[in-house]
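Before I ask anything, here is the structure I am working with.
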Amino acid sequence: MQLQDFEKLFQQKIDTEIKVEPKDWMPDAYRKTLVRQISQHAHSEIVGMLPEGNWISRAPSLKRKAILIAKVQDEAGHGLYLYSACETLGTSREETINDLNSGKAKYSSIFNYPTLTWADMGAIGWLVDGAAILNQVMLCRTSYGPYARAMVRICKEESFHQRQGFDILLTLCKGTDAQKAMCQDAINRWWWPSLMMFGPKDSESTNTDQSMKWKIKRKTNDELRQQFVDMCAEQVKILNMTLPDEHLKWNAQTQHYDFGEIDWSEFWNVVKGNGPCNKERLEARRKAHEDGAWVREAAAAYAEKKTSKQQSQAA
Amino acid sequence: MQLFIKKYYYGDIPDDNSGGADNITSNKNEKDWPLWEVFIRSKQGLDHKHAGSLHAADAQMAIENARDVYTRRNEGVSIWVVESKYIHASNPDDAESFYEPATDKIYRHPTFYDLPDELKHM
Amino acid sequence: MNDPLIDYTLHLADNTLILAQRNSEWCAHGPVLEQDIAITNISLDILGQARNFYQYAAILLGDDATEDTLAFLRDNREFKNCLLVEQENGDWGKTILRQFIFSNYQYLLYEKLQHSKDEQLAAVAAKALKEVTYHLQWSSEWVIRLGDGTDESHQRMMNAIEELWPYVDELFINADYENELLADNIAVDVPSLKNKWIEKITSIFDEATLQIPQNVFAKTGGKQGVHTEKLGYILAEMQFMQRAYPNSVW
């Protein structure tokens, strides 16, 4: 068979909703796209632990502390599932993590924003996790089997994350004036970066998108973003808070909410490394990795010693 | 100046020199702990089922890691781990010769036999 | 107020809360993803124990006491945790060693405490014992791995032993409130745990090619509310929200 034949068969498989599994033939570009996307997704989970981990020591009650620890720990688990999915494509975790630490690989820009008050834990749960979940629910049906399975597991666990975030905000908005102000301030700071999480507008695309054709992705940026805005515009009413967008308005004709223009220069600035915390986040990851090197070496050395001891005993 | 912006989906940011920091390549060529596959029995009486994979230096650590990673929500009562390199898999290219011969042996399935309704408990 | 049962319960609670607080500093900074998750799990277990003890202490205290007023609104001198748990994490080796020292102690303590005449304490201990059994196993294995791993890891473990050993003896000295509860079979007589504790340490250290140091000058005081300077910083951070925004629900 010729390469085109393989590609044709591959596309047929995708079109008939048959999942692609690790040992199956796949176009190089498909593999590369997946490795990039899954690893970025994994890095996002891992870097995403930092802004929230930041508040574990200061959580305002023991219950909140326990919930926050469990949540940040879940994110470590999610990163792990995704690194594993990446490994099924022939890229080792070591390589993937090196790409993050060297600054080569990307992660979601949202985690380059600072967490300034406790209310940020609520806003992240509600808005950032909310945006992520829309994307992840879609990815449960992605064409690559191991990625889809990791996403199913993640979605199952993630459902409590958004709820705990909303619960934090709900408590704040029933509280003192200072708490209400803290709540509104957090929503104001996290709203626009959350909208940016979905990426540039569809209309600004000049390429036909291979990811859609390969069913790695199943919805466009704008579709997902609209879904998110419609959801939040209703939910914010329960909080008695507002979203910081004067153009936000129900449109009876489209049956959707209209909303204002995103500041794309800010988006690109953060992507390009000029966000408030890009340096700190990466440095924290690097430090953890470097400080852990002797631990990883020691455990490997010990395992080797033990194996050779067992072998010499058996001999 | 014309600006070309590619369409990116969430979590899919292009490879270029954008991003966090200066390019520093990893200093050490350190070896990863081996990869292990994890199988979990979710309750007594059921088979162990593949749950995922993880890294560990040795088998004991792999079991403990599996406990911490894959059973945080009471998902299991028993764990198997096996180093991934010891798993041998069938070749997907052989799928036709491997699995199709079984598809026409319909007489292996109980529904193949049309028996009178009066016959009970069979 | 001086009620030995309340003091004792708070001592048990403070020990676990402060260690949980310390361990949770590792979350997102562990040496490898799997171990990040593992130490965080331990942190969560111990935090759960702390909450159970605080909730009981709050009932004993009555009035408006809650687990949170006890954790967040008491000051330095009122905390009754051992000095060991408030020490800085240091490297992974030091954290592991502290966990091993403490889990070994906790295991022996809870084994006895589950038969306490005080039913509440007994119940909390019985539940916690299962968790601690795992912590002890996990930390023992790591002590062995690091002790008998590379030259560097061995050296780091020796450093950790040197740094932490002064805080060991305090675990095995009864405070006033413990002495007062002994006759009623409520508190565990901690000096009686020491031999078994040493036995376990010795067997693990043997495998880890490590040695128990001799003639170490013991530092004590935490159980009576006289702490190292480190506790002040832990509390400043941990209690910040409750202090800055008093009388709020979170």
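Going by the order they are written in, the chains are A, B and C; count residues from 1 in each one.
The working rule: a residue touches a chain if its C-beta (ideal position, glycine included) is under 8 Å from a C-beta of that chain, and two chains touch if they have at least 3 such contacts.
Keep in mind that what you see is a predicted model, and the values were worked out from it rather than measured.
J.: With centres defined as the mean of C-alpha atoms, identify the chain lying farthest from chain A.
T.: Here the answer is chain C, farthest from chain A.
J.: With centres defined from CA atoms, tell me which chain sits nearest the overall protein centre.
T.: Chain nearest the overall C-alpha centroid, as shown: A.
J.: How far is the middle of chain B from the middle of chain C, if each middle is the mean of its Cα atoms, in Å?
T.: Going by mean C-alpha positions, chain B sits 38 Å from chain C.
J.: Using the average of all C-alpha atoms in each chain as its centre, how far is it in Å between chain A and chain C?
T.: Whole-Å distance between the two chain centres: 35.
J.: Report, in whole Å, the distance between the mean C-alpha point of chain A and the mean C-alpha point of chain B.
T.: 21
J.: By residue number and range, which residues of chain A touch two or more other chains?
T.: Touching at least two other chains: 73, 77, 80, 293, 296-297, 299, 302-303.
J.: Can you list the chain C residues in contact with two or more other chains?
T.: 32-35, 37, 41, 145
J.: Counting only residues that touch at least two other chains, what does the list for chain B look like?
T.: 33, 54-55, 57, 61, 69, 72, in rising order.
J.: Which stretch or stretches of chain B touch chain A in the complex?
T.: Residues of chain B touching chain A: 4-15, 18-26, 28, 30-33, 35, 52-55, 57-58, 61, 69, 72-73, 89, 91-93.
J.: Name, in rising order, each residue of chain C that touches chain A in their complex.
T.: Per the touch definition, chain C meets chain A at residues 17, 21, 24-25, 27-37, 40-41, 43-44, 47-48, 50-51, 54, 67-68, 71-72, 91-93, 144-146, 148-150, 152-153, 156, 237-238, 240-242, 245, 247-250.
J.: Can you name the residues of chain C that touch chain B in the complex?
T.: Going by the criterion above, the answer is residues 32-35, 37-38, 41, 138, 141, 145.
J.: Please name which positions on chain B make contact with chain C in the complex.
T.: Residues 33, 54-57, 60-61, 64-65, 68-69, 72.
J.: Hey, which residues of chain A end up touching chain C in the complex?
T.: That would be residues 46, 49-50, 53, 56-66, 69-70, 72-73, 76-77, 79-80, 83, 118, 168, 171, 174-176, 178-179, 284, 287-288, 291-299, 301-303, 305 of chain A.
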